[in-house]
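Note that chain A is present in both complexes that follow, paired respectively with chain B and with chain C.
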Partner chain A sequence: MKWIGAVFILFATSWFGFYFAKQLTDRTKQIRAWKLTLQSLEAEIMYSQLPLQDACRRIADQMNGRLREFLLHFSDVLANGAESTKLAWMECLEHYKKNVSLKQKDLEILMQFGETLGMHDKHSQQKQIVLALRHLEREEQEALENHQKYDRMAKTLGVLTGLLLIILLI
Partner chain B sequence: MILNYSLIFQIAGIGVLAAIISTVLKKAGQDDFATWTILAAFIVVLVQVILKVGELFDKVKDVFLFH
Partner chain C sequence: MKEVLHTFSKELCGCLERFFINLEQIEEIRIRIDRPVEVIRGGQSSFIPYIVSEEEGQQILSKLSQYSIYTIEEELKKGYITIKGGHRVGLAGRVVTEGGHVKMIRDVASYNFRIAREKIGISEKYSSYLYDGTWKNTMIIGAPQAGKTTLLRDFARLMSMGNQNLNIYPLKVGIVDERSEIAGCVKGVPQYTFGERIDVLDACPKAEGMMMLVRSMSPSVILVDEIGKKEDVEAVMEAIFAGVQLIVTVHGYSLEEVKRRPSLQPLFSQGSFQRFIEMSNAPLPGTVVNIKDFKGDSLLFKRTVNNK
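Moving on, here comes the complex of A and B:
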């Protein structure tokens, strides 16, 4: 009985450590995916000049996971006649952020970007995209640093804390 | 008399694990947390030892009938 409990404790704390490490990895990956999305969006706006909903649908085909869902959702909301692009963006972002590893400040950048979406001509829009990309780049740098710094630590600490707890309780 | 070694092993285990954890934390640049871990482990061990020493004193009292 004792040993079953010990295994449970070890499993739980290890899982927590690995979860934390995965969160760090995922944040970098998601920021990268967002950068790619914004770059594609810039290209679509500048060169193919599609309406925003078609552009989003086209970009969504190249993406996967939550970001793809977000883009499809956004394009659906736009196609169904949203009040404004900004509101549609906010609503979709609200939906999107429930299950992602992005931090609040990353989402803040996206929100600020959303406020400019569809308000300007294409050159100003391009400038806004470049600005958002700069911000995201900075966040990516930070996320990468955190990842390299804390990834191993989180995993090791998870397992070791489990062992420590077991020794303390046995 | 049956000697109970488990406490000694427990303390040794705590010591080893605390040392590893503090090394890991130090490597990640969290020096203050590393210090805190060592301190916490030290306090835990200290409490355990003090409880045992208290038992010893109680036994001494019993032996000499100091009630």
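Moving on, here comes the complex of A and C:
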């Protein structure tokens, strides 16, 4: 009986450790996916000159997971006649941010980007995208460092905490 | 009409619906920031007590561009946007220039929604003046709002569809639609009723477009709107000598007045046009005042001319 309990504790704490480690990896991945999205958006705006709703739908085809959902949602909101691009963007972002590993400051960059989306001519729009990309790059760097620093630590800490608890309790 | 209403806020739509039971008769809706909305119906202007705020103006522009201002850069330079359904929205406001040329309209303060309306069949009663086995090169002359484009559009329909009662055979018709006004194309597909034999070069510069059509699409008739620039005139001459029939529209009040325009001189000195249709917006838009032949003699009032 004791041993079954011990196994449960070990599983639980290890799971926590791995969960945090995954959060760190996912944040990097998601920031990268956003970078890719913004780069594609830039191409769609500069070369194909598609309106946002069509551009987002096209980019969504190349994406997956939550980001794809976000893009499709945004495109739908615009197609159904939103009040303004900014509000549509905020609304979709609000929806998107549940269940993602991005931090508040990453989301703030995206919110700021949404403020001016679709409000400018091509070149200003491109500048805004480049600016957002640069911010995201900085965050990506930080996320990557955190990942390298804390990834193994979180995992081992999870397992070891479990072992500690078991030793203490037995 | 619903495409136009779609770009307005719900409040403005509600207000319009309260004041006008029959929205379909509206010709123009003029929106000016911080001023009441003007509606023109049957030539009569009236104001509705709805003040449009700056923010709402922004929203209209953003909706007109499908929330992407960068897609309408070219339109902001020209000063008008064509939306789904072929309606045209004219813009005015603070203009940004670069090197002496208009770069864009930055702060749009006035919007003029011109409701496009197709009048199917209006060209039929004039077709006998223009058609005797082949279509004659024709110039439609009229002031703004006289209905030139509407008549031109119906000629395009009549030509591509043909009409058995009038003994008109369907022909290959090419339209060069620089302002997306004749065919009202959205993504290249015409929004109005045309026959099967129609090809549209949408948003294409007239002069180049006419030559492109002649070379690539082998049309029998080409229709062009608002000839005026020197290169347009050159292209018209080229097309006529290439054996294509042309129907064009020109801004002006009468044939005499148009003849005085220096840029159009070559068209008249060569006698390339055989028919001139003069239109007026009085008493109602779409009134054909006169049809003249290449000598300038009236065909509609033949008897009075002969008696002289």
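Here is the rule we use: the second predicted complex is superposed on the first by the 170 of 170 C-alpha atoms of A that agree within 3 Å, B and C clash if a C-alpha of one lies under 4 Å from a C-alpha of the other, contacts with A are read in each partner's own complex, and residues count from 1 in each chain.
Assume a contact is a pair of C-beta atoms (placed from the backbone, for glycine too) under 8 Å apart; a residue touches a chain by one contact, two chains touch by 3 or more.
What you are looking at is a predicted structure, and each value in this text was computed from that prediction instead of being measured.
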Scan A:1 for contacts with chain B and chain C and give back first, second, both or neither.
neither
State whether chain B or chain C is in contact with more residues of chain A in the superposed arrangement.
C
A:118 in the overlay: touching chain B, chain C, both, or neither? Say first, second, both or neither.
second
Contact-wise, after the overlay, does A:53 reach chain B, chain C, both or neither (first, second, both, neither)?
second
For chain A, which residues are in contact with chain B within the complex?
149-150, 152-153, 156-157, 160-161, 163-164, 167-168, 170
Interface with chain C, chain A side, in the complex: residues 45, 49-53, 55, 78, 81-85, 88, 118-122, 125
Chain B residues touching chain A - in the complex, by the definition given at the top:
10, 13-14, 17-18, 20-21, 24-25, 27-30, 44
The residues of chain C that touch chain A in their complex are 6, 58-59, 62-63, 65-71, 73, 76, 104
